[in-house]
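Shared between the two complexes below is chain A, which has chain B as its partner in the first and chain C in the second.
This part shows the complex of A and B:
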């Protein structure tokens, strides 16, 4: 993205209250999960630290789980795991998706047809069903969670980047670069990539929120991270077992997950709104 | 004068939903070194397709179906990809209609010129180029982003980019169509003075017959994918031989006397499905005869120019008779 574009975007973001709320919330959750291990929250693995299924008290602010472990450090760990897995997967999506989208949009022809068809097939395949399949083949765990999230978020990413790259490729500066003797690789790297960066960032935030949802869904089904590690999804699943005795065990990770996804979406919307007029201007 | 461009019987057609559309229908054209040629025609006359074909820059879906294009001794239609890239980089320069979309909005002007210059890029060379394109403060302009420039300044930057590699042929496709009327003439004059200084040839594609014919040495009028008249600009402007050229002059503002009226050309340009078998202008021609609808006129020499009209020698008298009853 160009320097003035960045400056205008940052100025707009500062004025967008909902967007700022999302950014602050996201930052808090991230800080909490990163600093979790060094904060004095208690041990997440110590069994029988408190009463089984104990309600929130001063010593255990979020109560205790079914093995008497303090719930607060487990939730904090869960946030971290959910963030880490979905971010890793979305980073892969962004790398592959940007490359494929630009190639499809700029090169067109057979390359475009191939990429678009594969993306369509992936798009039509239900993510959770695919998750079951991957978990059955490589076994449940972090790797399969990342694979499933990447493949689930990739098709939409590719299609959005492709359409933006297509419109950028049709503008005369791409042709002017070809006249100047630039190779297709250079046109894509120097001219197309910076011009689709804004759209890629917006799409990345949406992919991240979908990624967190899928990660939680997989862990809820027991296909994601395995005990003793916790993610928001696996905590939600355990909590749902004791819903009528200690509802906070399900409520807390559920609310945290909702807040995390909401904060990412609010930030994504704010970035999109901030870029909209810039993109409009670029198209004149 | 050795020819920089030799186009022989070029046929280009676009694939469309209802069959191929013939955009360039048998065009032959030669441009000498240092010559300035203006191609004039309406939208859809095939002039842009011809210009793009010179650099093999046709949109996907367009195909060169016949004929040959030789630029600087090299066949554009048949050379390999590396040869084509070298040809484009070292021999051709393009100036596009809309300077705002011909500049990358994410790169500073200086950086874009550096990319166009390739290995020779130095700040001095960049500033020199911008200066030659008529920008008074090259150092300031080089630091700007395209959206910080006016349309005229941006077009000067794209011209600087086009001449960066000292091309043998500069192709300008409607270079002034998106600019203020006040600077259109200035930009055309700049292009002409640049090619005069460098010895390059210039091909201007435009819909403005008078503006181009006053500046270029030779004027080529295109209609329906064919060249209908080509010759020395002064002669074409003073005594147009083809009914379409005459109609163009009557339709444009400039020469009519006080209280005089402009005469629009009735009808719309044709969409050619396949190669034409009759005169493409016949349906709109005031002087059309049965023969015009049946037989395609060949290009022939007449009064020191080429005209593609069966009745070119007879037409002026007829039209004058039609005008003053």
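This part shows the complex of A and C:
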């Protein structure tokens, strides 16, 4: 993205209240999870620190879990794990998806057809069912969660990048580079890649929000993060067992999870509106 | 003719996709711990049964031949045998499919009108100079609340206070309609919020995009009312992305809304596949993934038919998109 383009985008983002809300919320959650270990939140591993299934008190602001551990540091840890796992998976999606999308859009022909078919196949698997299959093959855990999230977010990402790359490849500067004798590799890396960055960023925020939904869904089913590690989804899984005795154990990670995903969605919406504002005509 | 020219290649692609799905599942089965006879028969199978499976699927033959035989068996409806019930897996699925189909249909019946209406209103409001923040917020919030978070909240609320709906306890449709709908209300509610948000966001974008076009300016200049413009100039032009998303979403629901079915003990295919994984009944997991992908691909085919009906230009000329 060019420098003036970036300045315009930033100005539009600053004016977008919902987008700013998302950005601030996301930043707070990320800071909390990164600084969690050094903040005085209490020990997440100390068993019997407080009463079992104890309600929120001054000493334990989010109550205690079924082993009497303080819940606040566990939730903070869960935020970090949820973000880290989903981001790792989406980073893989970004790397593979950008390469495949540009290749499909620019090279066309057999390459395009082949990539489109593979994307179709992956797209046809419902993510959680695919997660069940992967869990059956490699066993539940972080690796299978990352595999499932990447394969679930890849097809849509490739399709979007492909269509943007196709339109960029038809523009004058790309054609000029071809005429000047640039190799296909050079055209793809130097002329197409920088011009799909905007679309890629927007699509990545959506992939991240879907990835967080899938990660928490897998962990909720017991197929994601395994104890003693915890993500927001696996905390909710444990908490839902005690829903009638100590509802906060399920409700707190649930609300935090929804807020975390919403912050990503709001930021994504704002970036997209900033890059491509749709000014519809008023009907009156 | 136009329809045929448009649909035949797409049907071919759908077949290729199904072939790819089958191949991927086949590879996954090879990688499963315990080998293929265990997958089909379970660990307690007799040596004779193992020999029979070995002969039927040619387990001593090259992998390509094995894949061909396996695919041939699938095409005849042979998805293997459940090691728990000792019955063909396909029968077990057909028995549970109506429940999931009902859950999916009710969810869509709720999500499509609400999401569509909110989406159109939000887009028209945004175009009319208001920022349309309400629609954006509802869309972002709804797309961010996982069904198990909403489901847990609903379970908590409805089991703490008696509000007329029971939590858990499923009544089949054929037994008592009113009681069935009451047992479906909470799972449908927790599933449809994401659907509403998804359809709202898609509709809002599609309508806003149509509102930037010249023929809308012309209609406004002619003095047509907003209601008339939306009905005659906007909806049909904005329909295609909404149809795409609806088909994808319905396909996802038909594949078994695993989490909602587990949370609310709805005995559908999603619940069945999940409990089969816990019981290491891999033939069920395998068949479940294949059938879900099949439902998904079929619905996308139907969406293709809908595109051609909505837009008369489709199929009239061939263009690379």
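Just a few scattered comments:
Criterion: the second predicted complex is superposed on the first by the 276 of 284 C-alpha atoms of A that agree within 3 Å, B and C clash if a C-alpha of one lies under 4 Å from a C-alpha of the other, contacts with A are read in each partner's own complex, and residues count from 1 in each chain.
Everything that follows uses one rule, which is that a residue touches a chain if its C-beta (ideal position, glycine included) is under 8 Å from a C-beta of that chain, and two chains touch if they have at least 3 such contacts.
No experiment lies behind these values; they were computed from the predicted model shown.
On the superposed chain A, the positions of chain B and chain C stay apart, so the two partners fit side by side. In the superposed pair of complexes, A:52 makes contact with neither chain B nor chain C. When the two complexes are overlaid, the chain among chain B and chain C that reaches more residues of chain A is C. Look at A:177: by the touch rule set out above, it reaches chain B but stays clear of chain C. Applying the stated contact rule after C-alpha superposition, one finds that A:190 touches chain B and leaves chain C untouched.
When the two structures are aligned on the shared chain, A:6 is found in touch with neither chain B nor chain C. Here the smallest spacing between CA atoms of chain B and those of chain C, following superposition, is 5 Å. Within chain A, the residues touched by chain B in the first complex and by chain C in the second are 281-282, 284.
The part of chain C that touches chain A in the complex is made up of residues 13, 16-18, 20-21, 24-25, 28, 31-32, 123-124, 126-129, 133, 136-137, 139-141, 143-146, 148-149, 152-153, 155-156, 159-160, 205, 207-212, 216-217, 220, 226, 229-230, 251-252, 255-256, 258-259, 262-263, 270, 273-274, 277, 282, 285-286, 288-289, 292-293, 296-297, 321. Chain B makes touch with chain A in their complex at residues 55, 57, 60, 85-86, 88-90, 92-94, 96-98, 100-107, 112, 115-116, 118, 145, 147-148, 158, 161-162, 164-165. Chain A makes touch with chain B in their complex at residues 1-5, 108-109, 171-173, 175-183, 190-191, 194-195, 197, 281-282, 284. Only residues 17-18, 22, 117-118, 120-121, 123-126, 128-130, 132-138, 163, 209, 213, 216-217, 220-221, 233, 236, 239-240, 243-244, 247, 250-251, 254-255, 257-259, 261-262, 264-266, 269, 278-284 of chain A touch chain C when the two sit together in their complex.
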